[in-house]
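Dropping the structures in below, format is structure tokens.
One chain, chain A, links the two complexes that follow: it is found with chain B in the first and with chain C in the second.
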Partner chain A sequence: MEKESKSKNRREFIQSGVRLSLAMALGSVSGLALSKVVKDDYVWQIDPFECTQCGRCATDCVMSPSAVKCVHAYDLCGYCDLCGGYLKPDSNALSTAAENQLCPTAAIERKFIEEPYFEYIINEDLCIGCAKCVKGCTAFGNGSLHLQIIHSICDNCNDCSIARVCPSNAIKRVPASEAYFIKGDFTKKSES
Partner chain B sequence: MKKLKYIFWTVAFVVLYVAASAQQQRFPKPEFESGYEQPTTITPEPRALSLEYFDVLVLLVVLSLASWLVLKKRSRQGVLWLSVFTLIYFGFYRDGCICSIGAIQNVTLSFFDPAYAISLTALLFFLLPLAFTLFFGRTFCAGACPLGAIQDLIIIKPISLPKWLNKTLGLIPYIYLSLAVLFAATGTDFIICRYDPFVGIFRMEAKFHMAVLGVSFLLMGMFVARPYCRFFCPYGVLLSWMSRFSKWHLSITPSACIQCKLCTNSCPFDAIDYPTNEKEVVKSGLGPKRFLVYAVLIPVWVAAGVFVGERTHTWLSKANPDVYLAELLISNPEIKNDPDNIDVQTFLASGKTMEPLVEEAKIIRGKFYIGSMIAGGFLGLVIGMTLLNTIVFRKRQDYLPHKGNCFSCARCVDYCPVEK
Partner chain C sequence: MKSSQIIKATSYSLAIIFVGLLIWWLQTDPTSDFEVSLDGADNRGSGAEAQDVKIGEYFKQFADDYTEMSETWPRFRGADFDNISKSPVKLIDRFGAEGPKIVWSKELGEGHSGAAIYKGLVYVLDYDEEERADMLRCYSLLTGKEMWVRGYTLNVKRNHGMSRTIPAITEDYILSMGPMCHVMCLDRETGDLRWGLDVAKEYQSEVPLWYTGQCPLIDDGKAIIATGGNALLVAIDCETGEKIWETPNPEGWKMSHSSVMPFTFGGQKMYVYSAIGALVGVAADGANAGEILWQTTVWNHSVVAPSPVCMPDGKIFMTAGYGAGSMMAQLSESNGNFSIEVLSKYPPRDGLACEQQTPLYWDGHLLGIMPKDGGPNRNQLICVNPDNPQEMVWTSGTETRFGLGPYFIADGKLFILSDNGTLTIARPDVKKYIQLDQAKVIEDGHDAWAPFALANGYLVMRDSKTMVCIDLNVK
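Take a look at the complex of A and B:
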């Protein structure tokens, strides 16, 4: 009987010893990680100046349609009649006719304001994030149309599946307090 | 004189125009006369930070409740309803993200990448279940893990697997964990998140192959209970370490075991250890000799693991996009003329040269060289220890849950006829 209790004691001693060291390991891991911890949450963001409009945002997001949408930085827009983001390069008229539109889902609405200016509004419900208009606007216009991750749709995956395939590494994790990078200027701010 | 003035103005205009155009957009913003008001760009706010902390609170409450239900209340019913809640909240409502299993990678990356900051939520999701397990056993698996919950709720007719198969398949989580840490530490990929079989089911949409994987896991789970938890979950490895030395743990019987054997078939996970047959062990007489052989073999296993790691590091490092691109461009230079290869075309258009890319790839490969050898050595140690464990004799008189493998689901509790 005594022998049994002795072996039991020994087992308990080893158990609690290992438990203590595991607890200490956990503590040191948390201590190390705490030095890098940030109170803010992180979200994914596209750097519109890095984006090359490859079209993967439309196909690789876990959401369908993609959580990436075209946004319009109105400050930059020239309100052109001949809009490189709205009209196909070979369009036969400057009109809203479907065959002239670059957008495959007709998500851009064109509205006349005053001669010769037109306003372009993105219908987020229709936009699939294919970046065709972004390409057109960047090539022929001011680049006021650009892609951005819309956070009311984004699941904020731990591992963003479009960030993984982005060829120009334009998608980065940023603090949630600075969730949106909307082009306010046509040059990157850091250059000035 | 007039002509001179004209030239002067032209020159001035050109100089000013060039200077201005460097700072101005192609088509300047018009000045509207019709009183047009510019709309603002729509930017819906991300999920509020307070809600993220609320998730941590929910996790804390669910963990405490699960531990209380398992250890004090001893109620399978309660654990069942708690796992239904977990499935709905962390699974379907939170879309399976954030989860403790994936948080391993965030913690790892925060150690190895100085630029990477980890959010407090992710750290707490990693630490809380481990801390709870160190005290109460794997109650996290029982009630607080959505991946565990979805598998636990579809168990129909669990079959018992032979011991050797359980042990062998039980090595997979170690491999998965080492690879996940290796890929996270080198900043390559988060494979736990990428190959999470159930996240597609929680979100009700997934890529085809992930949907197939998820559904096949569920189908298999009807007969082989909790296949992901037992044979894949990398977080389960850490939880199992904690649980083996937990302060308290679920017990099948509330007082003394009467050896009625009613509980033996109750565990769908083969996690109940039977009393040891002392006579049989002594009779075989193989114990000490085999123990020595297996103990001596451990360094051999470790060496073999390091060797395999060293051999495979080149192959593993190809998972890194930078290494892959550099290799592709070196081994296959004509790919530069392929207009359909977006990665190569983007790299060429960016104006970057080969040297920094190759340099970067070499650094990453160096990390893989060391990391793969460590991972291989670790796996060798695990294999050696598992073998050694099969012959270590532990005296047991009662039917006891295996502390490492038991998910604390409390099924066995209902089978025990002993009153408190």
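Take a look at the complex of A and C:
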């Protein structure tokens, strides 16, 4: 009887040990996976309020076309017929004809909504990040068009080639948990 | 097979393959999957439907007692169209420790319409967003008490604000022009309706982008309106509403945001107007009243907000935003015939240019704030000599930038309003920029673009939502 009890305890001990080992292994794997998810890695991003639309994001990024794309903060847009981001300055007409479009790759789609509003949609596949539209929107409009590094395209190089050449130091490492600076949600930092 | 035959066969084969590839390469169009961007891809609508508007249908009197005062600011750019106050009233050059003395403040519909002042009363054409109506409001200058309001129902959608114009006031009349080109003429004292004119309907005019910016003009009892469409300019008897003359518009030039500026040169009084299509001079009086005296289509831009700056020697300076830049032209007269010669025309980064406000002509120099596409001088106040508007006499410097707000001169001081409601006092000078003081007047100000109005030392200014009156009198 006593022998049987000892044997059972040994079996229970081994079973408990295996369970504990499994639980610890699973916990470790989960913890590792969780740490991977929540770990505050850094990525490159453009501060839209520092960007001077110099055009180097299009030419100096190692990706071709650039990982920098124009994004549109719709809640800031005026939905104007005469859009400084879509039309060339002093364009012949307010139309979609190629000669009036500012974008060199026709990456902005212009859609009539209702009088007097037009919507502007960025085709990310066509955008090369040249910032011509951003410059026009900033100069004549509400500044709703702005550049962002798209992380699904970006290689996150340690030595970011566009950060190196940015004349206004607008490209900085930011926590991966706050990977985008979209205007409207992201506001200009106080100068004080 | 002999080796020589193998070599020959291989050579022929390679030659045939090469020729085939060459033909393929020459015939293949690498752009075959490109789409051509053509006009009309946005499915633009046919334009807003015309509304039936009963101009002046609504009136309400709130009060009838106010303190009558001596001075006036009767229209856009003041009595002399130069944005320079000639009042002898002494104004402060510093705000002092207490900051600007705000006398009253009013919430208005979103817009950029400025005020006119006449003997203690302030007039402003507001768009009432709740009532959905253009409302000409009359306030007491001293207290801000609303005296009366007259208006008409009109649906206007937000488009960088709604209201944009300043009424013209004389002893007898008030003349306003609303966002959709509705002209309303009232009796000044009572606010009674004299007559109304739906310009867009009457003249088949195109309402300018972001709505009307043209400030109407009363000249010698005549309402002068640049209509575009079936006529270029019209003169209407303020007393009766009868048309006196119409300027033909065979070229179909359109209405701009620019306002009509009276100018006398070579013994001829004329109205200078920058339409969308041309800069023109129209005879203001005499047997040929209403006829075009001169024109130049060199000045042709899709959006023109500033008004012509006419100088005593016949130079006329025009500027506009959205990449247009500026033009300096010389008007000449010979035996009653006028001609205009373009002296210079340049993009905004190459010289004085302004997007919304009209530059000041002061002490033989032009002063203006550069637009955002003005290159290194963007948003700076700059001074140029009209003989060469591309050479800066001075700039306010990289640390002192402004926006699209107004600027004017009063009591030998230059007042400049920034977009955020900050008011700067400077000393006008032809050698350098001299800043005296600066203070925030409108808290959380936004798009403070409406021109100033000043009378008896009280300055009326606004941002997109709030109009304030501040006391600039030296105590």
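Quick notes on this structure:
The working rule: the second predicted complex is superposed on the first by the 146 of 192 C-alpha atoms of A that agree within 3 Å, B and C clash if a C-alpha of one lies under 4 Å from a C-alpha of the other, contacts with A are read in each partner's own complex, and residues count from 1 in each chain.
Just so we're on the same page, contacts are C-beta pairs under 8 Å (C-beta built on N, C-alpha and C of every residue); 3 or more make two chains touch, one makes a residue touch a chain.
Quick caveat: nothing in here was measured; it's all calculated off a predicted structure.
Legend: residue contacts after superposition of the two complexes on their common chain; A:E114 is shown touching both chain B and chain C. In the superposition on chain A, A:Y180 makes contact with chain B only, while chain C stays out of contact range. Of the two partner chains placed by superposition, only chain C is touched by A:A93; chain B is not.
Shared-chain residue A:T59: touches no atom of chain B or chain C. In the superposed model, A:T105 lies in contact with neither chain B nor chain C. When both complexes are overlaid on chain A, the residue A:C80 reaches chain B and chain C alike.
Of the two partner chains placed around the shared chain by superposition, neither chain B nor chain C is touched by A:N123.
Of the two partner chains, chain B is the only one that A:I150 touches; chain C does not reach it.
Counting contacts as defined above, chain A residues 78, 80, 114, 117 meet chain B in one complex and chain C in the other. Within the complex formed with chain A, the residues of chain C that make contact are 35-45, 47-48, 157, 159-160, 209-210, 301-303, 321-324, 355, 371-373.
Against chain A, the residues of chain B that register as touching in their complex are 25-30, 32-34, 36, 38-47, 49, 52, 95, 97-99, 102-103, 105-107, 110-111, 116-123, 127, 130-131, 134, 189-190, 193-194, 203, 205-206, 241-242, 244-247, 321, 342-343, 345-347, 349-350, 395. The residues of chain A lying in touch with chain C in their complex are 78, 80-82, 84, 88-91, 93-98, 101, 106, 110-112, 114-118, 138-140. Within the complex formed with chain B, the residues of chain A that make contact are 7, 15-16, 18-19, 22-23, 26, 29-30, 32-34, 36-43, 52, 54, 56, 62-64, 71-80, 113-114, 117, 119, 121, 124, 141-142, 148, 150-152, 154-159, 161, 164, 167-168, 176, 179-180, 182, 186.
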